[in-house]
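One chain, chain A, appears in both complexes that follow, with chain B as partner in the first and chain C in the second.
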Partner chain A sequence: MDTQAESTLTIQTLPSYEMRSYRRKVKSIAIWSISFAALTFVMFIILDILLSVISKGVPGLSYNLIATQTSGIAGGLQNAILGTLLLIALSALISAPLGILAGIYIALYAPKRFGAVIRFFSEVLAGIPSIVIGYFGYMVMVLQWGMGFSALAGGISLSIIILPYIVRTTDASFRQIPKSYLEGAIALGMTPLMAMRTVLLKLATPGILTGVLLAVSIALGETAPLIYTAGWSNFDPNLQLVKNPVAYLTYVVWTYLNEPYHSAHQLAYTAALLLVMIVLVLHVLVRMLQRGSSKHA
Partner chain B sequence: MLNARTRSRIFQVAAGIAAVSPLLVLLFVAGVLFVDAWPAFKFQGFSFFTGITWNMGNMYASNPIVHNGVEGAPGATFGILPFIVGTLGSSVIAMLIAIPISLLSAFALVYKIPHRYARWISSAVELLAGIPSVVFGLWGMVVLAPIVANQIGPWLSHFGKVIPFLAGPVGSGFGLLTSGIVLAMMVIPIITATSRDLIAQVSKLPIEGAQALGMTTYESVRHITFPLVRRGVIGAIILGWGRALGETMAVLMVSGNATNYLPTNLYSPISTMASTVAALLDGALTDFSKLSIHALALIAVTLLIITMITNLLARLLVQLGRRDVGTEA
Partner chain C sequence: MTNDTVALDDSIHLTESELLELEAVLTGGIHLQKTAEIAKETVIRVENLSAYFGHKQVLNHLQLEIKDKEITALIGPSGCGKTTFLRTLNRMSHTVPGFRHEGTVNVLGQDVAMVRDVESFRRAVGMLFQRPNPFPMSIMDNLTLALKLFGVSKKERVEIAKAKLDEVGLYDDLKDRLHQSPFALSGGQQQRLCLARALAVQPKVLLLDEPASALDPKSTKLLEDLFVRLAEHMTIVIVTHNLAQAKRIAKRTAFMEAGEIVEFELTDKLFYHPNDPRTRVYVEEQIG
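And now, the complex of A and B:
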């Protein structure tokens, strides 16, 4: 790397006779000023999005919102809140064990080539647009497998979307730990499983949790894979997971904005506010976990 | 009671099986899509990608027409050029806005903002990345579209004499430009965060050395950091582009949903491939010949292939970029 930096320097030599002239100083200051402006712009957009969601959404907050179900274009959001929680829970229940196991395997036990192959395909899976997963879920699960619009079809679609994220973060948090820890534990006579559980798991846990929380936050905000798998229902979800449509928050934001009624718009704004608030809480949790884990390392 | 060795063996096998799951899911999804898409490709051929007219035909008729051995509803013809143009157009506008803003922000974050503020700002940028796309869509509809219709659009249309594509009419604010701006806001955090991480890994020593030799801070970054992170930054840009290509909901909410014509100016309503699948799937189901559904599958396959290529290229470049700055051996 050092040699690379050196060669860069020699190739792009500045005219050395030119002293640190006024013009060069002005150019530097000008470009950094534009950079500050760009950063300020990004901050402004973030604030604008948050503030417009808050200012539009807050008037709709009331006890009724969480106590009643949607009826037509008015009412509360109880069904959507519970439905979103159910969908997230289902997708996490499917993806977390699978993804964490997969991550452990490719980080610790897999032959190098095999690990690289899985990592590669996992990234490919992560790059698939969510509407494509939605189409797949609809054609295969809803129609062909006869699940109908249901929590299970929606949950499985979401789990396909978040699986690669959980694999990636688990893999990364185990690979961060020096290889000698695992080798040392095995040299002391531990089995690979014991070594993983007693020595490595504790160090990797904050990273794994971070990944699961990020995955939950992604699942929470998805709409496209759910439109044609989860459907919509004006009633609270129940434990019948197939052939029983389920409501979710992002659907409210998407459809109710197009209704010509004020009450519908208000529901959409408030649903957006709830989504942003949950994302914000998850974000803070992730930050705290990351800070905690960086202190240990 | 199993002994420890056996348990460990069982665990490893189970984990190994789990590890294959992303691959299996990927193959299954891709397989289903390709099989579903095939009849539409047989029916329409390559004119699928070059045709302007998307017409699902008379879906309630009972006398299917047969073309290339595939049955379709009378009058059915599937051309997705407007969707391709909409997808590329909106994402290119998004990148034109996002690239300079993201890169300048990333460099400023690493080199000019004091560490404790930079941490907060980075955190806010990552929060932006986590905001659901429907919320971006909502912001686009409620806040941005009126601004585009009343301020940005009329101002840009003054340049219409020089660049005809910028000329009015500005329209309702729902269209190509608004979609592009909303997409830009969605990819800015991706490009900023990825390039910031790369830039932060560059060793400080050569930069300090360069400054000690009399370079300005800008010059030291331009001539030392930038060549080292160039590949990785290009990777980050393509990563963001892939996201813009596949985004569905936000675009669906602000694009104006046009079908069957190409955008005539910067403010024209558009549709993208992703938003079309979402918008038309419901209606396509009523097609008695099922061909409309196959045609949507073909859009999904096209999108899948494009985003796969961009993503792989991006991951590869980011990986190589990390090697350039020495974080990964």
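And now, the complex of A and C:
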């Protein structure tokens, strides 16, 4: 009898079904509206950036842009385009092997605690403001080592910035491989190195390449460390990697917007457009890689 | 006509000396082979084995002898240490940080604590896991990868691969798709492929860690029949939660509880006339 009384009581104190369903609907509509508003806001910002970069950058696109070098505040961007490509190629050449090997080491070989310590320092390195790395590059490489403003000093500075990203993505790509693959290989009598080389690397490769491409797209957009290390040149880069300043696109964006001339502004907008286009291409590549890897598994 | 579509019977033409050479390569030299012969009766001898992960003791003074050409089953509740014990036999436990053991574990005449050439040792003591784990490469590459790394010539690798695939009853089904991905195969086929892969390096002992627990009854039956046939010329140790399976295939069974071997007997005796009341309770509860 007691329990019956209790249960009727509980039922009565609860709001009616209609009431609850009404509240739920209001809540759901409210949350959906807020999310939608937030999404629209973000999309608007992205679209605004893209549209303004495109609308202001496109008029500057011409054959001359890629065929001629900058002269003063006018001319083309051939030197800056080639310089940017040289800088990101150098930084990838330096940081990819180092970062991939380091990532493999902490994912597969490092004792647990040591691995955690390296991961921590890698995160710290990723958090250092890029201007500080630029300043470090200036003091150590440009001055002390006598490299001068140069592609090598700039490339090394960029590679210090992107190294932690490559380490992290390599580490993550290996750690997300189910342990059963490594165990299966080891149980056949393979050494851990053989297993890594023949079985695990294959599974980790799409992830590693994604990491390298994303890192390169980060390097592409850096300005601060290059101001201190790469300098600027009105001429195409060449194979003299030290004591030879080099041009790059972000420099054009940064400096030429402050010049009071239309031709300078035009070059800056077009350089920004080129940067956005290269980043887009890299991200499309990343997507293709990821799709390829999911098809495989 | 490629090499791989040659009929199986035509393709096995190794001379005797080639076979011997191959065996020497696969067993990591004469040493293991000789010691195995000396210890022909007892292939695995475990004395006073205690094992720890960090400070936690997982095996407590195990004492056990496993005979050649027999299937020995390890049963017991989850977490009783049977998988750890199994993985100690081929030093897989030793790859886990913090693992250490006391007492002696002698497999194929070698003390596992003293094994110098771990890779040759693991080649002689093969393992099949709970879930099929084919490598992300073609069926043929799955079978030949290890042989390739150990320096076996391409012709021999392919012959061994086909022979082993035939041994596990997959050759007829798969002979036209040897260069396709193994992930399209059913779970049972994948597990048999993994068995063929383990057999390709010619182990003397085969450790099975709940090899059929993820499979349907028909695939399970196929695997069990295979194990019985394989036991005619090798030693098999199987961890299983399926008591009926132990009853069907194992000559001897060890019942483990809380890191100890409660009872180790001929399978029939253990199931129908257990000495220890703990065994009786477990067996009766499980069978119902």
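One rule holds in what follows: the second predicted complex is superposed on the first by the 267 of 297 C-alpha atoms of A that agree within 3 Å, B and C clash if a C-alpha of one lies under 4 Å from a C-alpha of the other, contacts with A are read in each partner's own complex, and residues count from 1 in each chain.
Rule of thumb we're sticking to: contacts are C-beta pairs under 8 Å (C-beta built on N, C-alpha and C of every residue); 3 or more make two chains touch, one makes a residue touch a chain.
Remember, predicted model here, so these are calculated numbers, not experimental data.
Contact with chain B, but none with chain C, is seen for A:V253 once the two complexes are overlaid on the shared chain. Of the two partner chains placed by superposition, A:L267 touches none, neither chain B nor chain C. Of the two partner chains, neither chain B nor chain C is touched by A:A153. When both complexes are overlaid on chain A, the residue A:L86 reaches neither chain B nor chain C. Contacts of A:A230 after superposition: neither chain B nor chain C is touched. Of the two partner chains placed by the overlay, neither chain B nor chain C lies in contact with A:L77.
Look at A:M194: by the touch rule set out above, it reaches both chain B and chain C. In the overlay built on the shared chain, the residue A:K202 is in contact with chain C alone; chain B does not reach it.
Residues 191, 194 of chain A lie in contact with chain B in one complex and with chain C in the other.
Residues 111-112, 178, 180-181, 183-191, 194, 198-199, 202-203, 296-297 of chain A are the ones that touch chain C when the two sit in their complex.
Contacts from chain A toward chain B in the complex involve residues 1-2, 4-6, 8-9, 12, 14, 19-20, 24-25, 27-28, 31-32, 34-36, 38-39, 41-43, 45-46, 48-49, 52-53, 56, 97-99, 101-102, 104-106, 109-110, 114, 117-118, 121-136, 138-140, 160, 163-164, 167, 191-194, 214, 217-218, 220-224, 227-228, 250, 253-254, 257, 268-269, 272, 275-276, 279-280, 282-283, 287. Residues 4-5, 7-8, 11-12, 14-16, 18-23, 25-26, 29, 32-33, 36, 100-102, 104-105, 107-109, 112-113, 121, 123-128, 130-139, 141-143, 185, 188, 192, 203, 206, 210, 214-219, 223-224, 227-228, 242, 245-249, 252-253, 274-275, 277-278, 281-282, 293, 296-297, 300, 303-304, 307-308, 310-312, 315, 324-326 of chain B are the ones that touch chain A when the two sit in their complex. Across the interface of their complex, chain A is touched by residues 28, 90, 92, 95, 97, 119-123, 126-127, 129, 131, 133, 135-137, 145-146, 149-150, 183, 194, 197-198, 201 of chain C.
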